[in-house]
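Take this structure, written in structure tokens, and hold onto it; I'll ask about it next.
As written, the chains take the letters A, B, C and D, and residue 1 is the first residue of each chain.
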């Protein structure tokens, strides 16, 4: 299905006001949605057989620049229809919260834990949101643009 | 007799453990031999690839992609270059495409050899381990003649490759193919058909197809559960459509569909398919095409602002790169979606109520490389 | 039934396995071991292992240090006097004394990115791979031939030479100003003295 | 034994010449040292042979550096193990930790007492020889349990519990298989069994199909008793890291190692004695005393090689498959052979 058709389908499902923007010219068509409605939209995207987005191919946190907002980008892919959809969510920097999609796509479990670990984005209702890659007592969120490496970690000099 | 509540034992398998394929710690809650739950702890080999990606120029990132899945460096390069070439909207010369496919498929065989060898050693048969590594040495020597390095090559660049095939290299590859075909048969006789091996792997760690898709498992893990999905065929890139090869899929021949034996046997069949691809690529190789392999490599890589998610079929699954470029020489964000990270996430789901020796079998069949899990 | 088929398959697959291992046991020509200290795996000369810089052809342009992802190359150089400028490979001009050219091979990741931008191709990767040492510092290979004493002496000459050039220029400018004072406005101030290019 | 050792090997005359009084304690001491020396030498050669066999199978060369063709590799290993520090984990149960290797080694060393080297050359020619041999070799189980529990390491406990289950349950098929042979020979004494096999090509093996199957069952069961692949679950490297001897190092580890290889020899020695005509020549005639020893060692070494050959071919069983194989396959067939052989004896 063509990207514009996907968006029209979403609009028919009275998600229209939830879709904040739609970019078409990039390699993969992307829509930006209101974070609070993520769960319903994802359920619809996955279960509707015309769309059939059965695999969450990639979930990545993005920091759009020091001082700007944080974002989470979901790359959805349908094995059945072989088409893409990129769902983006923009969160404010101070308290980034977005509901989890772990119960819809099990793949999101570890991806969300890694995004929390690297960006500090809290995924609400995630079953066990812990740091996955970094040690549990590591301060700061490394992948943020304004991240300052801590001087010592347990007495070990960190800067290279 | 009232059920005697035996106390469960919490055991740590790893991070230094002979069969965790790297620094992975599995926290097992066991009741006697039966495992109640597995919680993997990763992050011991985290080297901040994504942070590096934001501070280095595009050519500098390529040696870092080698070190993601250090057993399949060529395929990692290939995936990263696909993404950058899409960003740059770069047309890659046909000869370079052929070189890339041949080299990527050779690397796939080398990577599968390690997977099969270590899987056999985990189950207890040490001889296949030595045989697979003996055959892998031949491929490493081929790569050393071609690129100069044995494992981490920095060979594929956006738009081209570092060096052209030296004289007589294609004959060396042909010699390897004739040398290697009977060796796969030996391996199957020794390990795949062995009754003890089958009883240790059949019906163990069964991964249903829908769970595999929901966990976004890819590669031999997904195909083991019967889902015929291979990026080289279903979402083709480079010049793979020009070659005929089939995609081995698990049939549950020795046990239920999606068990450890299926995932293992797919890797054996995939090695043969890779040999076919290399043979066809060698036959169709544009020999008289004398274009310099570095012709299309831009001097300074400054892609226009934009973002792309490109992926390639690594031996362990679908490795995808999500690159956001802000027009500078350094990417704004590089996100590596690694197949082992996702395939490993299935382990807790498979690990309920199995025996301790089965964990080792399942972990071997999922075939993870911690460099890619921890990035 | 399954019970006996199970046993039969067990025995037959064990026997095939054993014939295979027996066949390998009696085939000494299959042995692949190379006994390292006496013989070693032949490394092609295009092998990418230890870096080597032919310092005579190095013009100190710092391209390799910029191209290195892990920044393991350190170069310190200062300007040569005009009379010392030499040409290398007819095209490149050596305008700098390379006081220090260190490559820290323990940091190097053997990617070879530094060898490509080198204008005179003096930086190459040799196929020497066995240079293990007991101390990290031994892995810092120093290629510069300039001893510190020579460097000091050359820097002193450079100071004297630049001062002298500046004086000459100032004198020439003053003379020109004296000859045609009314016609042209005052010539701009003398160009600032050349500062030695820090690496 | 000791008078024989003294007489045939001439040590007796040597000691008498040295002026040692006749009834003194020196004689039995010297006689009992002989099997210990043999055990150590055998272990040295067996470890070297195992490394060479595994190397050749895997297209490698094996040890080549120490001495010509790496011959002194095992002596180098033993020297290394001797000078290695003998670590005892802090929280380990000191007594159990210390006694375990001693018990395991005595199990092996004691069974050499009744080992039928040759017609005149056997330790204690007990009339319950085979019974004693099978019994003493299960002393190892207690040692392994002590090692596993004593080293206070979860993985060693796993190894110990697995090895107890394995050895105890595999003694039954081994016992039954040997019983099938005893049914024909009628006597329990080792020399008696061997003498009964005179005139038979390759001993009892080919006398009746029941005996042949019993021999195969005994071979499999003996593999399990010695913890050799495909039954090396107690010290499964890839799962339990080292099994019961993870925490051991230095001399104690060497004792475990020596005991394992000693057991290998003894188990194959019993198989040879009971089924393959012991120290008789393969065509069943009785050789001289010394030649008997040579034949006995040659036949045993073949089975030791068979165990090594099997180790580098087969993968490892899982614990429940191990139990299934023992209780559901080996024991029923062993019973069938026993009954079959008994019927053969009665009616033929």
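Throughout what follows, a residue touches a chain if its C-beta (ideal position, glycine included) is under 8 Å from a C-beta of that chain, and two chains touch if they have at least 3 such contacts.
Everything numeric here is computed off the predicted structure, so don't read it as measured data.
Comparing per-chain C-alpha centres with the mean over every protein C-alpha atom, the closest match is chain B. Mean C-alpha position of chain A lies 63 Å from that of chain D. Rounded to whole angstrom units, the spacing between the C-alpha centres of chain A and chain C is 43.
Centre to centre, using the average C-alpha position, chain B and chain C are separated by 33 Å. The set of chain A residues touching two or more other chains is empty. Listed for chain B are residues 127, 134, 190, 194, 196, each touching two or more other chains. Residue positions 14, 17, 20-21, 24, 32 of chain C are each in touch with at least two other chains.
Chains touching one another, given as pairs, are A-B, B-C, B-D, C-D. Chain B meets chain C in the complex at residues 56, 59-64, 66, 127, 134, 137, 141, 144-145, 147-149, 152, 154, 162-163, 166, 186, 189-190, 193-196, 198. Residues 54, 57-60, 154-155, 158, 229-230, 232-233, 236-239, 241, 312-321 of chain D are the ones touching chain B in the complex. Residue ranges of chain C in contact with chain D, taken from their complex: 7, 14, 17-18, 20-22, 24-25, 28, 30-33, 35. Considering their complex, residues 6, 9-10, 12-14, 16-17, 20-21, 24, 32, 41, 43-44, 46-48, 67, 69, 109-113, 125, 127 of chain C touch chain B.
Residues 42-43, 46, 48, 50-51, 54, 86, 211, 213-216, 227, 229, 234-235, 306-311, 318, 320, 322, 324, 333, 335, 337, 341-342, 345, 349, 374-375 of chain B are the ones touching chain A in the complex.
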